[in-house]
Amino acid sequence: MASPAVPEPSSPAVISARGVVKRYGRTVALAGLDAIIGPGITGLLGSNGAGKTTFISLALGLRSRDAGELSVLGRDPETAGIDVRARIGYAPEHHDLPAELAATDFVRHLAEMHLLPRRAAVQRANDALWLVGLGEERFRPVGSMSTGQRQRVKLASAIVHDPELVLLDEPTDGLDPMQRTEMLALIRRIGTEFGMHIVVSSHHLEEVERICDAVVIVEGGEVVHAGTLAELRQGPEGLVIEVDERAGELASVLTAHGFDVTVDGNRLVLGAADDAYDAVRDAVADLGVGLRRLLPRGRTLEDVYLGAGG
Amino acid sequence: MNAVDTAPAAARPRSLVSLLALYRLLLRTQITLSRLLGIAALGSLAVVIGLFIRWDENPNQAAADAVVSYGLGILVPFATLWLGTSVVGDLVEDRLLVYLWLKPVPRWQLPAAAMLATISAVVPLTALPLAASAFAAGAADIAWPAFLAASLAALAYSGVFVAAGLWFRRAIWWGLAFILIWENVAAYVVDGLARFTVIGWASSVLGMAPDIEDELEAGSAAMALVVLPAIAIAGWLIATWRYRRADVD
Amino acid sequence: MTTQDARLFDLGYRRYDGPRDHPWRAIVTLAGFTARRVLGLGRGARHKVLPAITLAIAFLPALTSVLFSVLTEDILVDDLISYGEYTFIIGSALALFAALVAPEALCPDRRSGMLGLYLAGPLDRTRYLVAKGVAVFGVMLLITVGPLLFMLIAFVLAGFGPSGVETAELLLQILAVGITTALLYTALSMAVSSFTTRRAAAAIGVVLVIFVPASIVRAAIESAGAPNELDLLSSPLVVAELAYRIFGETQEGNDPVTQLSTWLVAGGVGAAILAGALVCWLRYRRLEAFR
Amino acid sequence: MTSEPRIAAENVSKWFGALVAVSDVSFDVGPGVTALLGPNGAGKSTMFRMLCGLARPSKGTVRVLGRDPRTDTGVSRLIGLAPQQEGVFEPLTAREFVALSAKLHGLPDPWGAAGAALERVHLDPSDTRRLPTYSKGMRQRAKVAQAIVHDPPVLVLDEPLTGLDPRQRMDMVALFRGLGSEGRCVIVSSHVLHEVERLGSRVLVMSQGRLAAAGDFRELRALMDDRPMRVRVRTDRPRELAGSLLAAGTVVGVRLDGADVLELDTADARALSHALAPVAREQHARLFEVQPLDADLEGVFRYLVQR
C-alpha cells in the first residue's frame, strides 16, 4: 500500500518565469511577467483578462512566448519532450467537453492519452471519479451533467494519470457556494494528500485565501503581488468590533480609555493598541451588550487585490 | 418619466419598422464578409466557364447546359443552403433568438426576414454572374432566362432551407444530401421525378430561350413561374408554424 | 482467521508507479477514439443516422445488382454494375460521406478546446494529425472497399463468382481501388476541415472542392479545347478513371481523362493526396491551439 | 389604472420527460429588488424562462401584471430580460444592439432611447467598438441596457453577476438597487451570495425545483432558530471558556480546533453574544477573535438547501 509520497522537489521552483512577454497582435497579454511558483498550492489571482489563462497556456507549451525565460518542472515547455508533458495535469477553463461521452469514458480516454495502459486507465478513471465525489452518476453522459459535476470530471481527468503538477483554470467558475466549498476542499486535499503541486487560477479572493499556500496576483499582464498568504495578509493593526445594539455607548467608553474609535452603524473600528483585547471585553461585559464580531483589522486579500488593481 | 406607467406612450409598433429592423439585423449578422466572398468566388467561376464556352460550336446550348449543371446544380443551391440554414440556425446555436423572440413582433416576421436576407445576398451573387456568364459565352439571349431561373430557384431554395434550419439540428447535412442525391442525381436518373425538384422547374424557365432543349422536362416555363414561388411560400409557412411553437432557450 | 491479521486499507489516493506505454500508443488511442466518434458508436442514435444513411446509399447499387442476378439466376453481364464503374456511380455518396467524416473528426476538437487538452498531453501537432488521418482513412475504407467486397463475396457465395485464382486477383484490385479512393477523399476533406471550426461550413467546403473544379475543367476542355491533362483537376473523375484502369476496364464515356495514360492518372491522384495532406499539416502547424 | 408592477406564480410546475425542473412553486413579488437564489440545477433558469413566456409551464399559471406572458405577446412590452447566455450579435456596437431592442418595441426615437439606456448603465453611447471586444462586465451592462430601453415595469436578470470580478460586481449591484428603487419589480437570480446581500434583503430560495424560503433573509435567519448557529472564538484559555459557557447553558456543542480556537454551536445566537464577554472576564480568558461562521447569506443558503 504505497502511502502518498511527498513529491521529491526536483527543483525548488515548480514553475519559474522571468520577463515573459506574450502579444496577440496589438494587445499585450503578458508584459514581462516574473514569478516563482513553488511546491504546494499556489493561487493565480487576477481579474478577467489579466493574463492568467495566457500564462497557463504558455506553461503548457500550447503557445509560444514572444520573450522571456520560462521553465516548468525544470524544462522549457515549448521544447520539453513528451515525457515531461505526460507528468502534467490540466483542467481548462471552458466546460464544453464531448457531450454524449460518459464521464468514465472521458476520463479513461484522457488517462490512455497520457500513456496509461488500458486496464490501469479504466481502474484509475473510476478511482479518480470516486475521489472527486462522483458516485454512480459518473456513468451519465457529460453533456447531461451540471456545471458542478462537469468541473469535477475535469478535475478527475487532470489527476487520473498521477501527474506531478496540476494546472486548474478557474475550477470553481459557475459553481454555487455548496459546490464551491466542496471543490475547494477537494483541491486542498489533492495538493496536500495526493502529493501534487497545484496552480489554481481564479478571480474569487475568498477561494484563494481558503486553500492556497501562496498567491501570485496578476494585473494587466504583470505580477503585482506575490508571496505566501501570511506575508500578504499582515498590514495595519487594530480591531473591528460588531455589537447588536448601543454601539455609540461602547465607543464612548473605549474613547474614555484612550483608544481612538470610529463608529459605523453597529460596527466599531479601533486603532492599533496592544492591550485593546481585555479593555474591549470588559467594556462589553459592563454594558451588557451582545458581542457579534471581534476581528483583527489586518489587510484582507480584497484590500491587496483592489489596491493592486489600481 | 413615470417608471410605473405600464403602457408606454409609443403607438403600436408599425409592422414594417420591426420587419425592416429584423431584416437588416440578419443581413448584418449572418451575411458575413467571409460568406459573401465565398459565394462571390463561386459566382465568378460561372463567368470563367462562360468564357470557355465562347469557343464551343453551339454556344447557346453549351451555355444553357452549363447554367443548369453548374449554376442551378451547384452554385445557387449551395449558396442558399449555406446562408438559409445558418441565418436562423446560428441564432439558435448561439442562443441569441431570445433577444428577437421576446418582443411584441408577429411571429411570421422572423422567417420572412430570414428568407429576404438570404435572397438579397444569394441573387446578386449567383443570378447576376450566371447572366454575365451567358454574355461571356456569347449566348446573350439566354442571359435573362438564366437570371430569372437562378433568382426563382434561390427563392424556392430559401423557403426550403430556412424551414430546414428551424426544423433539423444538423440542417446543413440534410440539405447537402437533398442537393447531391435528390436534385443532382435522382432528378436525372429517375424520369418524371424532375417535377418534384426545384432544379427541374428552374431549368424549364430556361426553356423560354429559343431552341434550347430542356433535359429535365419538369413542365412549361409559365408553370415554373407559379411553382417556384409556391415552394417558397410553403417553406415560409412551415418555418413560421415551427417558430411559433419554439421553446426558446 | 486469527485476529492479528485484520487490517484497515487506506482508500485514499494511490500513486501510480506501473508501466507507461510508449508515446505512439497515444496516436493509436486517439485514432480509435475518433473513428468510433465519427461513426456515432458510443453516442446517441441520432449520431448514427447520418453515417448509416450515407453508407446505405453507397451499398444500394451493389445490393440491387446482387439481388437482380440472384433472382434471375444468370448474370446478364452488361446489365450489371461492374467493379470498375462502381466508384464513379457512388461519387455523390462518397463526397457526402467525406463531408460528414472529416469535419466531425477535426472541427469539434478545435471548437470545444479539446485540441488544447490533447496538445497539453503527450501529443504534438504532427502526431495529432497522423492519428486523425488514420481514423478518417479507416472510416472512409468502409465506403470505398465495403460495397465492392460485398459484391465479390455475394457473387462467390451465389456460385456466380470467378474461380479461386481470379477471386484473389479481384480482391487485390478491390483493395487497391478502395485504398486510393479513400486516401484521396481523406486528404481533400481533411484539408478543407482544417480551415473552419464549424462542421457545417466544412461539409459544404468539402463537397465544393470535389465538384466545382470538375465543372470548370469540363467547360475548358470541351468548349475551349484545353489539353486533356487539365482534367486531372476534377478529382472524382480521376479517381473513378483509376478504378476502371485497376480493374482493367474502359469507360464508354469520352471524358477527357480517359485519353490519359494510366501513369498520368495515378500521378494525378497521388498529387492530389499529397497536396491535401500538406495543406492540412501547414494549417495545423500555425494554429493557435487555445480558444 | 396603472396596477403596481407584480409577478405572480401559482402552483407552477415544469417537467421535461421524467425530469421535474420546477415543482409546485408559488410566489408573489412586487416593486423593489428580489433575489432568486438556489444551487445550480435548482430550477432558477427554468423559472425565469416561464416568467418571460419563453417556456410554457406544465402546470399552474404565471402572471406578469396580471397577464399571461406566454400567450399575450403584448406582455413582452412590459418585461425587460437580461438572459444568462453570453452570446452577442457580433457586428453590432452596444448602441446598435440596444437600438435594435428599441425598434422592435416600436419606440418613437430608438437611437435616442438607446443612448439614454447606455448612459444609465454607465456605458459610453458614442463607443464605436463592437460588442465582442467588450469585457464580460461591459457586455453584461449592455444586456441590462437592452432590457431597460423600453422602460419596462418588470425586469428579469438571470445570473447577471456570474464571471464578473469584484469591482464589476459592485457597480452592477448599485445599478440594480437604483432600478428597484424607481418602483420597478426587479428579480435577479444569482449564486454570488455576498454580493446579493448588498442588493437588498428580499430573497426567494429554490432547491431541487421547489421553493425553500421566501422573505427577508435576516428574518429567515431568525426564523431558523431550531438550527444551531456556529461561532468561532480564538482565546488563550479555550477549555475554561468552553466549560463555563456549557455550564451557563447558552452553548449546545463545542469543538476545539488547534491550541486556541473554539467552535461553539448555540441554539440561541443572541444569548451567546451576551454571555461571551462576562464569562470570558470571569475566566480571565482573553478574546482575540469572535466570528459567526454562517450568519451571512451563505449560511442561510447552505442551511435551506441542505434541509
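Going by the order they are written in, the chains are A, B, C and D; count residues from 1 in each one.
In this section, a contact is a pair of C-beta atoms (placed from the backbone, for glycine too) under 8 Å apart; a residue touches a chain by one contact, two chains touch by 3 or more.
What you see is a predicted model; the values in this text were computed from it and never measured.
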Whole-Å gap between the CA centroids of subunit B and subunit C: 31
Whole-Å gap between the CA centroids of subunit B and subunit D: 47
At what distance in angstrom does the C-alpha mean of subunit D lie from that of subunit C? 53
For subunit A versus subunit D, what separation do you get between their C-alpha means, in angstrom? 25
In subunit D, what residues contact two or more other chains? none
In subunit B, the residues touching two or more other chains are none
Sequence positions of subunit C contacting 2 or more other chains: none
Using the contact definition from the top, classify how the chains connect: line, ring, star, complete or other. ring
Pull out all the chain pairs that touch, please. A-C, A-D, B-C, B-D
Sites on subunit A touched by subunit C in the complex: 1-5, 53, 57, 60-63, 82-83, 85-86, 88, 90, 92, 94, 96-98, 100-101, 105, 109-110, 112-117, 120, 124, 127, 131, 157, 161-162, 190, 193-195
In the complex, the residues of subunit C that touch subunit A are 9-10, 12-23, 25-26, 29-30, 33, 37, 42-44, 47, 108, 111-114, 116-124, 288-291
Complex contacts: residues of subunit B adjacent to subunit C: 42, 45, 48-49, 51-56, 59, 62, 66, 69-70, 74, 78, 81-82, 85-86, 89, 169-170, 172-173, 176-177, 180-181, 184-185
Subunit B partner contacts - residues on subunit C that touch it in the complex: 46, 50, 53-54, 57, 92-93, 95-96, 99-100, 199-201, 203-204, 207-208, 211-212, 215-216, 219-220, 222-226
Of all residues in subunit B, which touch subunit D in the complex? 1, 3-8, 10-14, 17-18, 21-22, 25, 28-29, 32, 94-96, 98-105, 247-249
